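Note that subunit A is present in both complexes that follow, paired respectively with subunit B and with subunit C.
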Partner chain A sequence: MAALRGKTSLTLRQRDTIIGLLLIAPSLVIIFGIVLQPILSTLYLSFFDADLGLGRTNIFLGLGNYLDLLADPVFWETIQRTLYFTLVSVGVELVLGLGIAQLIHAHPPGWRILRASLIIPWAVPTIVNGTMWRWIYNADYGALNGLLLQLGIIDKYIPWLTKPFTAMNLVILADIWHSVPFIALILQAALATLPEELEEAAEVDGATPWQRFWFVRLPLLRAAILVALVIRTVEAFRVFDIIYVITAGGPAFGTVTISYLTYLETFSFGNVGRGSALSFLISIITLLLAFIYIRFLYRPEERME
Partner chain B sequence: MTGWWRFRMPKSGALLNTAMLTVLVLLVMVFIFLPVLWLIISSISTRAELLSVPVHWIPENPTLENYISILVPGSATSEVARTFKITLRNSLVVATSVTFISLLAGSLAAYALVRIRFRFSEILLIGIIGTRMIPEVSLVIPLYILAARIGIINTPLVLMATYLCFSLPFAIWLLAAFFQTIPLELEDAARIDGCSRIRTLFQIILPISAPGLVSTALFVFLLAWDEFFFALIFTSTVAAKTVPVAIAEFTGRYVVDVTAMMTGGVLAAIPPVVLALIFQRYIVSGLTAGAVKG
Partner chain C sequence: MKTVLRLFAFVIVLSLILAGCQQAEQGPATVRVLAMEQAGPTVDEMNSIVAEFNEENPNVEVVIEYVSYDALHDKITTAMASSPPAYDVFLVDDIWYAEFADAGYIWDVSDKITPEMQENIFDAAWDITVVQGKTYGMPWLLDQKYFYYNEEILNQAGITEPPKTWEEMVEQAKVIKDQGIVEYPIVWSWGQYEAAICDWVTLLYGNGGSLVDDAGNPAFNDAKGVETLTWMLQSIDDGITNPASVSYVEEDVRNVFSQGKAAFATNWVYMYDLVNFNEDESQVTGKIKMSLMPAFEGGGVVSATQDGSMGFSIAAESPAKEVAWDYIEYLTSEDVQNRYSAHLLPIWKTSFQGEQLETLMGYTESNKTTVPMFSEQFPYSYVRPKVTFYPEASKALQLALQEALTKSKSPQQALDDAATKWVSFME
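This part shows the complex of A and B:
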């Protein structure tokens, strides 16, 4: 009996493997063709002095493009700006998102409307979001100037996007408006699944509201926070669209992030090899960031089902 | 039910607390709606009113002229307005096709990866999800060279094909999370009754995961509708240009035409916002499946 079962389960497993591979085959072919093959080509191109012309012979540079980049102050300034954008936008988004999630979870009057409203900024296309804020920031007719002047906070119109640091922070504000809802929605959904008893027990034991938040609720939210953080950090680190529309990298390179620099190198300056090296570095750094998060925040035993 | 800020206080305190929370709700609502309202108001203002100081918050002569010139054939005053409708159609065609292909290929793969245990299935799933870490900018040059060779630059086809690089792994990831929540017993029962794997998938798993499919379709559609970078690089003529590219061009190539820009923005935002509001429940369940069970 046992021998018989062993035999059938073996053939069953073989058949399962074949069916499994057949089912995955279409996806694997697509992913190989438009992800794996291109990323390997990018890696290959990054070792050459190449341009977009299809006929020219490329000159092999070895690690030349990478060494050039690492020695270039523009590269390091760009990395700094990208990290600033990522840290500030994701940091503020997490704090605000957590706050709004808890606000919804406390079920004050209007919480359902609030939750539905949050979907709107999230669903507005990134490019529309960018043009909207660009118009709001407009130096001559913008709503921001109009509002601040009428409130008496400023006494004359300010050209907001002409100073690099201000421009960067205003791009971040636009990103925050778009992305806070994403984190708030994820976290409020996670909050809704948490057991009430733990916090009630902590309350009975005399824990202050702050202690209950810090020691009971926050650890339980860790898995959800981790996913929100990974997704948002990876997105923010490769930000492109919103910068393209609001500032086009200006003023004076002040809002050029690493993706934007790659775009400029490749499509404006025609340095395909250098652009490939840059874009490959972005992939590496992104993987590294995700890895660090998972290393520090992921505890399999706390995974919620 | 009790928020962490809800202090132990007499009744008047609880009332105060509710009042404070309500104020917070209102503040968040103002933050959400002020920019959107200004977008909509700008789209129904005349250009003269928009370009006035101080700002006219409420337009004195609201007009639908901007919408008419984009939507009603023959009434267009500029080339931008004439072509905008075509870009809307391009976006719709591309996003719908991408959604359809991703769901079809993705559900087969996700089912195989989470329900048929075979060698490499775990590694494959992690590998496929891992491709989400690769940014579009790392793929764009080889894809451009390839597309140019085949001769599909400036056609919707190039976007349908390349958008799969982010939409397919995303669909597999989300569907895998949904499929994992289906009790194994259901499937075992079907298989004991002699259902093949394929029939089990189509007759048991897919019908039960209808909400997951809706949710995945929504997310993929929104991602494809939103995509800008590939569209910017791969399309430059009206034959394939999508809405985000058309809107970005308002700010660049043409003399800044604020009213057209805002009207285009509203029109581009309507499909995703309306879909997301109608299918709110599925958005939240998709976020939960992705985030909590990821």
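This part shows the complex of A and C:
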């Protein structure tokens, strides 16, 4: 404090700068401490044969862990499953989210209640969501079997989580339920800011509702869709908690995604080096995905403002 | 500007106060304990033991946390990464002792073990916590898989005796199924968890098979192993085994069995009290019996089951090792173990001898059945191999069982693949 008061010769602007820097210094320290340091040590570990345990010596492998993973069929099967999870869940979420956003935007009776209730699935923590769906899917006392049986759609209880592909799709369903509101809310907010004149002009020019949606509204929504897609794709690609709770990667590894594999390698099997290499591969792939989106969807020159 | 400065001063003062709090802590020594909430004593029982201990030892404060069994191993390995470790005391499954001792996580307590403890506790219990001649903790839970049946369902089907062999079980199950009493007569925990290994070991050893041979090489993919896995698959195809077993753990088994939806089940000892005496938890109270775990006719054994025992250990880097030991000693003492024996039985041989036996059986209603059942079943209890790479080897084996049960590989192929992986972990 004394130091600050001593520098009265500084201009107001300079003093503000110093204060500003001082104020953000603690958060900078924290950010570097809890974000950058772990990332760097993970990168470092990924070049070693490192095991969990006290007082162990790590053996330098260079790119050994990475080459090992890239040659491992389990890694590629897991990548395929993760891509399937990502594509299907984000794809369905986008279509449903856009539909719901338009519905709210049309302001039907009760739209405020609809918008408020949308928050609920999204506000439920993923772990709670996963536990809930694990119970819903239970073969002997789950709500899904109860519902379908009472509606007469099935005549006896079905064990839902015993086939790898079915289990994967059911986990995706649980994820969709959780995440559609996020996309719907982003798109609804974007819709509310769109100029109505353009659609009115198109209507005057004789465009059908479908044409108005496809050629006017959708292009205007591109930036908002991009944001939603990038965030959700990155999230979906790194999906972990919902799988941990609903299936623990079963049956027969049918729902083991890349993050789950990383968790198994690192914490269950203690292969920290290999796990770190996996984490880095995940980061690289998510960066690539984000880059692809931005490359294809983000076109500032087309923005109609 | 003034506001900003004041805010800044406030932050500094606040952080000084917080830092001061850290140092000012001069109260009782804290012992942080990690236990599990699953297939054992209830959280209420564990909490009340902690409360008793804290009451008697004002200089120590035990703080206990619970996780599910399947989260326990990974929670321990992450907790050990910090210094000092996040927990002073934790529950260790018998299959992790080799790994944890090798990793240097657990404190060698060999010189804490009195001759009296050595003498009065079951040898099988000491096997849990001893690795290469050193004792790394106190045995606590001496458990095994038991065979449960719903007597009412058997009687309805005109069956008077529970099955002695798995072949008999299948025959009885067919009668029960054909009469439409229950859809799926038996439910298992064959989900992709350690639970699947426990049921598999029970069946495998009952068929005269073995997980590893004397040299420690995988033996589960021999003819006996393939036969056992094929039998499991067949029992699903025949509609005898509840098909959802492939996604179940012990708690699912208990829930299904408690609803009267299965005639037979295998589970740890904790299920008996809950399913037969607890009306909040069970719709079939008073109808449940236990009998010796069946074996296969060609297996050459009377019975075989899975030994699933656990011990409490102290973190080697813990700053509170001595008081932590006091707590463990209290928790595993004969008196406490006898009094809290509804969901786990004592590790003390002496509890099962003479007048003590009468007292033990009298503690709870369920002890009248579980105590004699323990003595009858325990000679046929098999342990899983103690190897440092157990979690990884077990996951490979879980995958093999699941691949066969979901028909993505043949039993032979799946087990051979797991055996290849097992050998690679040994290197």
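In the analysis below, the second predicted complex is superposed on the first by the 275 of 305 C-alpha atoms of A that agree within 3 Å, B and C clash if a C-alpha of one lies under 4 Å from a C-alpha of the other, contacts with A are read in each partner's own complex, and residues count from 1 in each chain.
One rule holds in what follows: contacts are C-beta pairs under 8 Å (C-beta built on N, C-alpha and C of every residue); 3 or more make two chains touch, one makes a residue touch a chain.
Owing to the predicted nature of the structure, the values given are computational and were not obtained by experimental measurement.
Colleague: Quick check for you: in the superposed arrangement, does A:Arg212 touch first (subunit B), second (subunit C), both or neither?
Modeller: After superposition on chain A, A:Arg212 lies in contact with subunit B alone.
Colleague: Answer with first, second, both or neither: which of subunit B and subunit C does A:Ala228 touch in the superposed model?
Modeller: first
Colleague: Looking at subunit A, does subunit C or subunit B touch more of its residues?
Modeller: Looking at subunit A, the partner in contact with more of its residues is B.
Colleague: Could you look at A:Tyr141 and tell me whether it touches subunit B, subunit C, both or neither (first, second, both, neither)?
Modeller: In the superposition, A:Tyr141 touches subunit B and subunit C alike.
Colleague: Is A:Lys156 contacted by the first partner subunit B, the second partner subunit C, both or neither?
Modeller: Second partner only.
Colleague: Tell me which partner A:Val245 touches in the superposition: subunit B (first), subunit C (second), both or neither.
Modeller: first
Colleague: Applying the document's definition of touch, where does A:Leu23 land relative to subunit B and subunit C: first, second, both, or neither?
Modeller: A:Leu23: touches subunit B and subunit C.
Colleague: Please work out whether A:Thr11 is in contact with subunit B alone, subunit C alone, both, or neither, and reply first, second, both or neither.
Modeller: neither
Colleague: So, A:Phe267: does it touch subunit B (first), subunit C (second), both, or neither?
Modeller: Both: A:Phe267 reaches subunit B and subunit C.
Colleague: For subunit A, which residues lie in the overlap of the subunit B contacts and the subunit C contacts?
Modeller: 19, 23, 26, 52, 54, 140-141, 157, 263, 267
Colleague: For subunit A, which residues count as touching subunit C in their complex?
Modeller: It comes out as residues 1, 4, 15, 19, 22-23, 26, 51-56, 138-141, 156-157, 159, 161-164, 167, 247-254, 263-264, 267-271.
Colleague: Along subunit C, where are the residues that touch subunit A in the complex?
Modeller: Contact set of subunit C toward subunit A: 1, 4-5, 8-9, 11, 70, 73-74, 77-78, 80-81, 99, 102-105, 183, 191-193, 242-244, 246-247, 252, 255-256, 259, 261, 316-317, 389, 391-392, 395, 399, 402-403, 405-406, 408.
Colleague: For the complex, which residues does subunit A have touching subunit B?
Modeller: Answer in residue numbers: 13, 16-17, 19-21, 23-24, 26-28, 30-31, 34-39, 41-42, 45, 52, 54, 100, 102-103, 105-111, 113-114, 116-128, 131-136, 140-141, 143, 146-147, 149-150, 157, 177, 181-182, 185-186, 189-190, 193, 196, 199, 203, 209-210, 212-213, 217, 223-224, 227-228, 234, 238, 240-241, 244-245, 259, 262-263, 266-267, 272, 275-276, 279-280, 282-283, 286-287, 290, 304-305.
Colleague: Where on subunit B does subunit A make contact in their complex?
Modeller: Touch residues, subunit B against subunit A: 1-7, 18, 21-22, 24-26, 28-29, 31-33, 35-36, 38-39, 42, 50-55, 57, 105-106, 108-109, 111-113, 116-119, 121, 124, 128, 130-135, 137-146, 148-149, 161-162, 164-165, 168-169, 172, 197-198, 201, 222, 225-226, 228-229, 232-233, 243-244, 247-248, 250-251, 258, 261-262, 265, 268-269, 272-273, 275-277, 280, 283-284, 287-288, 290-294.
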